[in-house]
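Beneath this line is the structure, given in structure tokens, with notes to follow.
All chains are identified by letter, namely A, B and C, in their written order; residue positions are counted from 1 within each chain.
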Amino acid sequence: MMRKLARQHPSLAIGLLAAGIFALLGLVSLWWTPYPIDQIAISRRFLGPGWAHWLGTDHLGRDMLSLVMSGMLTSFVVASLGVLIGVGIGVPLGLAAVAWGGAVEWLVLRFSDLTFAFPAVIVAILIATLAGPGATNATIAIGIFNIPVFARVARGGALAIATQDYVAAARLAGLGRATIAARHLLPNIMSLLIVQGTIQLSLGILAEAGLSYIGLGTQPPATSLGLMLRDAQSLFLIHPSLSLIPGLTIVLVVIALNIAGDGLRDAMDPRLRHQGLSHGAG
Amino acid sequence: MGVSPMTLFLLRRIAGFAVTLFVAALIIFLLLDLLPGDPARFILGINATPEAVAALRAQMGLDAPAHERFLNWIGGMLRGDFGISSTQRLAVSELIAERMAVTLPLTMIAMVVSVVVGLPIGILAAMRRGKATDTALMVLAQTGVAVPNFWFGMLLTLVFAVTLRWLPTGGFIPWDEDAGAALRGLVLPGLALALPQASILARVMRTALVDVAEQDFIRTARAKGMTKSEAIWRHGVRNALLPVLTILGLQFAYLIAGTIIVENVFYLPGLGRLIFTAISERDLVLVRGATIVLVVATTATMLLVDLCYGLVDPRLRRQGA
Amino acid sequence: MALVDIRDLTITFGQHEAVSGLSLRIERGERFGIIGESGSGKSLTALAIAGLLPESAAVSGQVLFEGTVLPDDERDMTRLRGRHIGMVFQEPMTALNPLMTIGEQIEEAIRLSETSEIVPLAVSALLDEVGLAPGLAARYPHQLSGGQRQRAMIAMALASKPELMIADEPTSALDVITQRTVLDLISTICRRRHMTLIFISHDIRAVAALCTRIGVMRAGELVEQGVTGDVLRAPVADYTRELVAASRMERRLRSSASLNDDRAALLRVEGVGRIYRQSGIWPGCGAPVRAVDQVELTIGTGECVALVGPSGCGKTTLARIIVGLDKASDGRMVFDGTAYDGSNLPPLLRANMSLVFQDPFSSFDPRMTIAQSLGEPLHLLGRISGEEREARLREAIEAVGLKAAMLARYPHEFSGGQRQRLAIARALVTRPRLVVLDEPVSALDVSVRGDILALLARLQAEHGLTYLIISHDLDMVAAMADRVLVMEKGRIVEEGTPETLFAHPEHPLTKALMAARLPEVA
């Protein structure tokens, strides 16, 4: 199965494999990291990469590889939950807009306009003012940002499906609007949503990094890739590797996800290219 | 009705803009106003007498009912009065204006760079579709999309400020002191912001142009006697710019937000720094004013994009839809 | 020397051979028609002559234009195309650049071919030649009607004063009446300019009316060619014989018993109208559109009534209101004694009528099996047992001449004709009394149209069905219907049996429809 995938859609296979490995590394950190991430040893700080510490140590003598693994987990979890929030609220909204039309559609569109007016950073600022910074708040901010994205993609895809005769046939068969949305619209926009989900996942990882970097996201003693960069901020001119390692990790994870997303789009359905995926600019 | 469709189109868009802004202002107001804790007490500290707190509340207008305070706030903003910062005792509008002198030029620089770099790359890649140039450019863009702008800022500092010493590592000299130095201070942050956006633009431009190139009217143009690249250049690019326009609007909005992050790398006194200080000092008037300014900027950009669509696409002019 | 000489042309896409070993000579001044169904390779052949094949195509063999092989160099080929070949495509909406006025687009064609020094004068001359007012030059494509757009396309193709015009299905996206005028226009221009024409179509009658010689293509091969009259009168290839037979529609024989006049009315439409307002909340967004206007009609049990009219006349809207997909703004319908307005159909009444859609390809959810799709309307009958359900599905699919084993398959495994059979099966599964057929054969290849119509006739006789057929195809209507209603701008303007109506049309629209009818072949 994997071999067939690799032959037909090499970029998808590579992207999925790489993203999978990164996610697995993050997951493993739940049970095992080379060193405990909260083990501070000033005497061992600023070590270069070597046998004992493959990626060296940071300004507190913590093992960089352990930090990267654990930070990757935070990034994936925050970004995935953000996507789930976006899908969970946005997709039903988009489908409802198409299934009911009229006032419902108008409301959904205005709501999504309104949400677009609040970029993730502004939502994070508002939440931080209200409830203080933290990974949960970053997740909510990213999730809110994802809602209109999924609402629009779901609506766009479902609009194209709704003009198909089989939807009219289902109405003739006496099926209700909600049933039609669940039975005909949703399954037929699934591939669109999966592709958009991958794009939003990679954007979410970037957003989490940004929010943690300015102090609105993950807080110590937990760690995330963005937080590592925040810690490295004042030291990177002297010890560039402290910022190079987490930065490169982010780049690699995001590239892997984007390659997987592009591959998915091409593999699942060539028609997708014409249905206007939203390339987020956040 | 005697109203031209174009006017109608404009009126509708502007009305939609006003409604969105009003609701956004309401949300910001409610969120920050319903916040537990009394700003007056926070400013004065826990040892203040109840009389002093009450006096400050009256002075800050906090004792009026909520709807009145909301309307006062909106009315004040329409006159350019955003209130007085509770910690700095200065007009919020002035504080924001002062920071905007950094944030806005920075956004503009990033925008211009990303368009000037991104669009030609996208067009070139689409024209050379499937060839080595295309692959190379798209690998580049794929990487560019994945680079966090603030991290790229760190790398730029390392190379151009620390190693080559061409540009300052950070800080900002105000425009009226030395405009040249001010501009130099914005070059690296501008580039840092522009790279991911340019990459996104390049990818969107390429996709749009490749899609357009498969359409019938390109075949018609070739049938008239154009080579494929002439046809794409003359007929494709303008049509492909329509989807790109939407992205461009989103980008401007997110660039403004992006400056909040990137100015941290370069120690720039922009809107972001103002907001963070305000949050940590619970200066709600200031947070409220700054966020609404960002929301206005975002929404206004979207409006502008819609209006541009009206200008570029004759189909919209007619239907006004 | 032939103007176009194709020698052993083979076009392949990966493994698939789309055109195989085609040889063809087209003499100067000839009007050559290529007939074939979708996928026969006829359009690819035309694109090969103009050097416009997609890059993914692998080509072998030779195409000679005026005795020389088509140049390999893109720029030379482009020049040849721009100066000597004019092309008209099927869908004028997408073939024109939406962001440029048609004047600008014609002007561009003139400049590229360098045929005229005084460009504006040439533009108005061309517009005049294709019968468009000079003022239309400033319009954008979306501001023109389909016919006007196709005329603009033709003007553009003529700009270079080409020796050869290639028209690829130039009328199949157009209305019946417009179709005829555009065909006549092409014919006139070819005669006046002594221009060679390659005309590609699936419509054997259009080709017969326009062309001096024809070639018949099937599955990438040229199965027959010759002088139009000879080929159509005495076809040699079996396939040509089938096509000619399919283009003639025999009036089906109805027993007189089913045609007595005192049948009970099954459906009465009483003063039904439908108004569309353009997006409600803002005032002055354009006048409301009256799609259907005060329509009165009655359909008797067992009758076959046809509703004909040009596109946009409201016939489909009316059909959608009758079956309950849309709501009447005023008036009401009475079906078998129960009054409704389109939105308030009780399930059992719904089960008594059904609709067969025009496009068999969008009629089935690609992610559901045929059994799931066919079983959907059974929902209207309330709870039924699994066995009953299965029996109903088997009965329906066998009634349309397919096998029960096919129920487990997915839509993409079926051809267009089979899918339309399945769509009919779905319409029958609740055992309805009234079946509304919206252009039931117009999306199908000519050769299967006859089969579907025969199936419909058989089903009507066997199950005592009542049909309402929506169509623009007068020949199909003449063959099927007991009574014809002609619709224009939302109103029914004329009514009668096909014989009387077509022999003595009264209303200008009916006359125009009759005049637009292409003569039967041979």
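Throughout what follows, a residue touches a chain if its C-beta (ideal position, glycine included) is under 8 Å from a C-beta of that chain, and two chains touch if they have at least 3 such contacts.
No experiment lies behind these values; they were computed from the predicted model shown.
Common neighbours of subunit B and subunit C, by the contact definition above: A.
Looking at contact counts per chain pair, the maximum sits at A-B. The mean-CA centres of subunit A and subunit C are about 46 angstrom from one another, to the nearest whole unit. Subunit A and subunit B have Cα centroids lying 21 Å from one another. Counting partners per residue, subunit B has no residue that reaches two or more other chains.
On the side of subunit A, the complex with subunit B involves touching residues 110, 113-114, 116-122, 125-126, 128-130, 202, 206, 209-210, 213-215, 226, 229, 233, 236-237, 240, 243, 247, 250-252, 254-255, 258-259, 273-274, 276, 279-282. Across the complex, subunit A meets subunit C through its residues 106, 164-166, 168-175, 184, 187-188. For subunit C in complex with subunit B, the residues that touch the partner chain are 50, 52, 74-75, 78-79, 81-83, 85-87, 89, 91, 94-100, 108-109, 112-113, 140, 142-143, 153, 156-157, 159-160, 278-279, 282-285. Across the complex, subunit B meets subunit C through its residues 1, 3, 8, 12, 215-217, 219-228, 230, 234-235, 238-239, 312-315, 318, 320-321. Residues 281, 320, 323-325, 347, 350, 354-355, 357-359, 362-367, 373, 376-380, 426 of subunit C are the ones that touch subunit A when the two sit in their complex.
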